[in-house]
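See below for the structure under consideration.
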Amino acid sequence: MTQMILNACLDACAILPVALDVWLVYRVCRFFPFTTSAVFTLVPYLVCSFSFVLGSGASTLLAFSLALTLLFPIGWYIASRVASCQEASLQLFLLSLGILVLTQNSLSIVYGSQPIPLDMSMRESLFHFPFGSFGLSRALIFLWGMMSLALISLLHCKTSLGKRWQAIASDPELSKIVGVSIKGAIAAALATGAILTGGAGILQGLDTALTPHMGLSVFMQSVVVVVIGGRRISGVVGVCFAMVFLQDLIAYMIGTQWHEMVAFSLLLLYMVVYPRGARSHTSSFIGCQ
Amino acid sequence: MTTVALKKHFDGTKAVDSVSLSIFGRTIVSLIGPNGAGKTTLFNVVTGFLPPDIGRVFFEGRDVTHMAAFRRARLGMGRTFQEMRLIRRLSALENVWLALPNQRGETVIGALLGLHEREEKRRRAEAMRWLEYVGIAETANQLAGELSYGQQKLLTVGCCLGMGAKLLLLDEPVAGVNPALVDRTLELLERLRHEEGKTIVLIEHNMDAVMRISDRVVAMDEGRIIADGTPEEVRESAAVIEAYLS
Amino acid sequence: MTYLCHILIILNIYASLGIALNLLVGYTGLLSLSQAVFLGVGAYSTALMTHSSIPCSWPLSILVGIGISSIMALIIGAISLRFRDDLFAIATFSFQVIIYNLMQNLTGITEGPLGISGIPSPRIGCVVLTSYWAFLVLSLVFAIVSIYIARRAVLAPYGRLLRAIREDEISVTAMAKNTATLRVSTFVFASMISSIAGSLYASYLTYIDPSIFTVQESIFILAIVIIGGPGRLWGPVLGAALLVSLPEGLRLLGLPSSVAANTRQILYGAALVGCMIWRPQGLVGKYSLRSDERG
């Protein structure tokens, strides 16, 4: 029983970095970034390739660098479009959708669609506690989740970069007039998010396996969390844990094949019952509590 | 049209604070006040684009407080917007044509069955008639986005008329318009009152215009009505002078 | 020759799907990612009903498909249409995934991932259509009828209303039009056309499985509309021509079929990206999704 709760917590930590990334990008750039799922899938596959030649540390670094370099022009374009203060959310939505489709299928061709585990040894149960046990990979997931939360909270609420993010999120026009440098702030948001998501992807590969389509399901869960979670970081965290708990519970009771439906059913239910909440992101609010 | 103790809050500020206003037919009423006095908010609540926190709105004896905006429009409440809302990609004629009520071709089934074809000539003539009435008939086939600012404002009035509005709520109908067109617009409003029996409420900052054509002036400040009477009375009112000076 | 027939048939079916979605995306400005739901409903209705021994089952199955699609469209529309652009897209996306899951897992009705094979050929009265030519004619007629219906709808005051709603819904509401009803009715209308396309698709392929319900399918139909050009009647036809024939052409050049499906998706993914950056109005479109050219 407690093992189940432990597992649910760790599952939530697996999604948390991605959810925070989506939250940040959605607040600052005002579109749903399917590019997140592209990053989630791309980085670990690159690590997989590089680790044949290099050690794990070096290949991780190289994978991140390569992924960020590849995605840099797209990121810069996104930053320009958002900075031009025109309503670009649909255009960027479709753009990111296209990038997702591109990435998923390119990876499918290059690596095939069979699941590829990154490193089996990390899954072995290493830590045994009275309330449950988990492997090194799961411990890392927990750490990465907590670190993402700490990083985003700190950056967003305490630093001047975060202040810029808050300004852009609440009123881009005004921010531009007042002199906030928008492009740089947006690029920073995208990059930070990408690093968090890439890390989460690698950990997923360590924990289970890599498939070309894994990004989409994690991303959509994040979208549900962000829409329901609202403008505050605490909301996002809370909803993330609640949703994953619910998902695992239903998987346990009814079976794992209904897993995916839970998140989306939750979202639709929320949209029916509380449409104003779903739209709350568009009102100007800072989101630091 | 009557409102009773209307209140509307926005994030803690009282945008509209206990406004009770009664407007009777065949008059031109001007709503004046400094920026942020709550005039446009009042329009939004009355026409149904914003829900009030407390209070009721009555139109021709009916309680319309919870009625959807488009239904109120159907009852005869027409309005224009401060930020000039028009369908720019359609021509001026098409804009007015759009506003004509009860068109057969506006549902999927109606469109597919071609029910609109029989009345097309009649509708086109009707739309043209309103364009001529407001005085921009020569722009009929130009895209609404290409008209001059003053012509666009006249077009928005034309759309209200095409819709069959009995009460016209006009938000700054002559602001920013060149003086020649201002005169034409004001004449139009007077004609509407006399010939068509319309009731007009306008929000305006142009005091000459207000003094010229209003039968009654209502002044607002910080969400409350501070004066209500003939143009001369309101002009002399101390409260109004203070509101504008402070 | 039969290969060419095959491409043309698929092209016609997807063109009709595109035309239906264009009414939503190009004319009303609603980005719907759930068209594959209706495609699948039509396909499965035909598949299941023609397997049974009901007389006149093929035409009946089309009607049943339309019926179920309309009901689903009403439900999906009622929920999603309260929201603006990207939330609307996400809502329809969610529906798509939920329905896909249901179709995959309710094996009692839908045979799950195994799919339904051996779908009999369409039988209208005594006429049985089996040959490629028959299907080509049928799909071509359907595509032409779709364009005709769409044209009639668009040229009527209805079309004008849709374009007005796309540009400024508040304005239209102030003109005493019930925009909510209008958008839902467009959604239902598009779903009906998609359902018929699905029925044709199932009869042609004689085998369907839940992959027809995937999100990728919805994205593909959306890509056809966007790349071809939203807001123009012929846009989706061009888009379908491009996105259906190009991958097939590559296959002719010797690309192994294992990568064929992925290549098709890479092509339309790349086309979508390119389109959004350099030509948001698509090939021939009048309506661009960039707000500076919107309307």
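Per-chain residue numbering starts at 1, and chain names A, B and C are given in the order in which the chains are listed.
The rule we apply is simple: a contact is a pair of C-beta atoms (placed from the backbone, for glycine too) under 8 Å apart; a residue touches a chain by one contact, two chains touch by 3 or more.
Predicted, not measured: the structure shown is a model, and the values here were computed from it.
S.K.: Going by the touch rule set out above, what shape does the chain contact graph take here: line, ring, star, complete or other?
M.R.: Shape = line; chains linked end to end, path left open.
S.K.: If you average the CA coordinates per chain, which chain's centre is most distant from that of chain B?
M.R.: Farthest by centroid: A.
S.K.: Mind having a look at which chain is the central one, using mean CA positions?
M.R.: Central by C-alpha mean position: chain C.
S.K.: Centre to centre, by mean C-alpha position, how many angstrom separate chain A and chain C?
M.R.: 30
S.K.: Quick one: report the Å distance separating chain B from chain C, using the average Cα coordinate of each chain.
M.R.: Spacing between the chain centres: roughly 42 Å.
S.K.: Where the CA atoms of chain A average out and where those of chain B average out, how many Å apart are those spots?
M.R.: Roughly 48 Å, centre to centre.
S.K.: Looking at the complex, which residues from chain C come into contact with chain B?
M.R.: Per the stated touch rule, the residues are 149, 152-153, 156-161, 163-164, 167-168, 170-179, 182, 185-186, 189, 295.
S.K.: In the complex, go through chain C and note every residue touching chain A.
M.R.: Contact set of chain C toward chain A: 31, 79-80, 82-87, 89-91, 93-95, 97-98, 101-102, 104-105, 215-216, 219, 222-223, 226, 259, 262-263, 265-266, 268-273, 275-277, 280, 289-292, 294.
S.K.: Which of the residues in chain B come into contact with chain C in the complex?
M.R.: So the residues of chain B in touch with chain C come to 47, 49, 68-71, 73-74, 78-79, 81, 85-90, 94, 97-99, 101, 103-108, 110-112, 114, 116, 159, 163.
S.K.: Which part of chain A faces chain C closely enough to touch in the complex?
M.R.: Those residues of chain A that touch chain C are 31-32, 77, 86-95, 97-102, 104-106, 108-109, 216, 220, 223-224, 227, 257-258, 260-261, 264-265, 267-268, 271-272, 275, 278-279.
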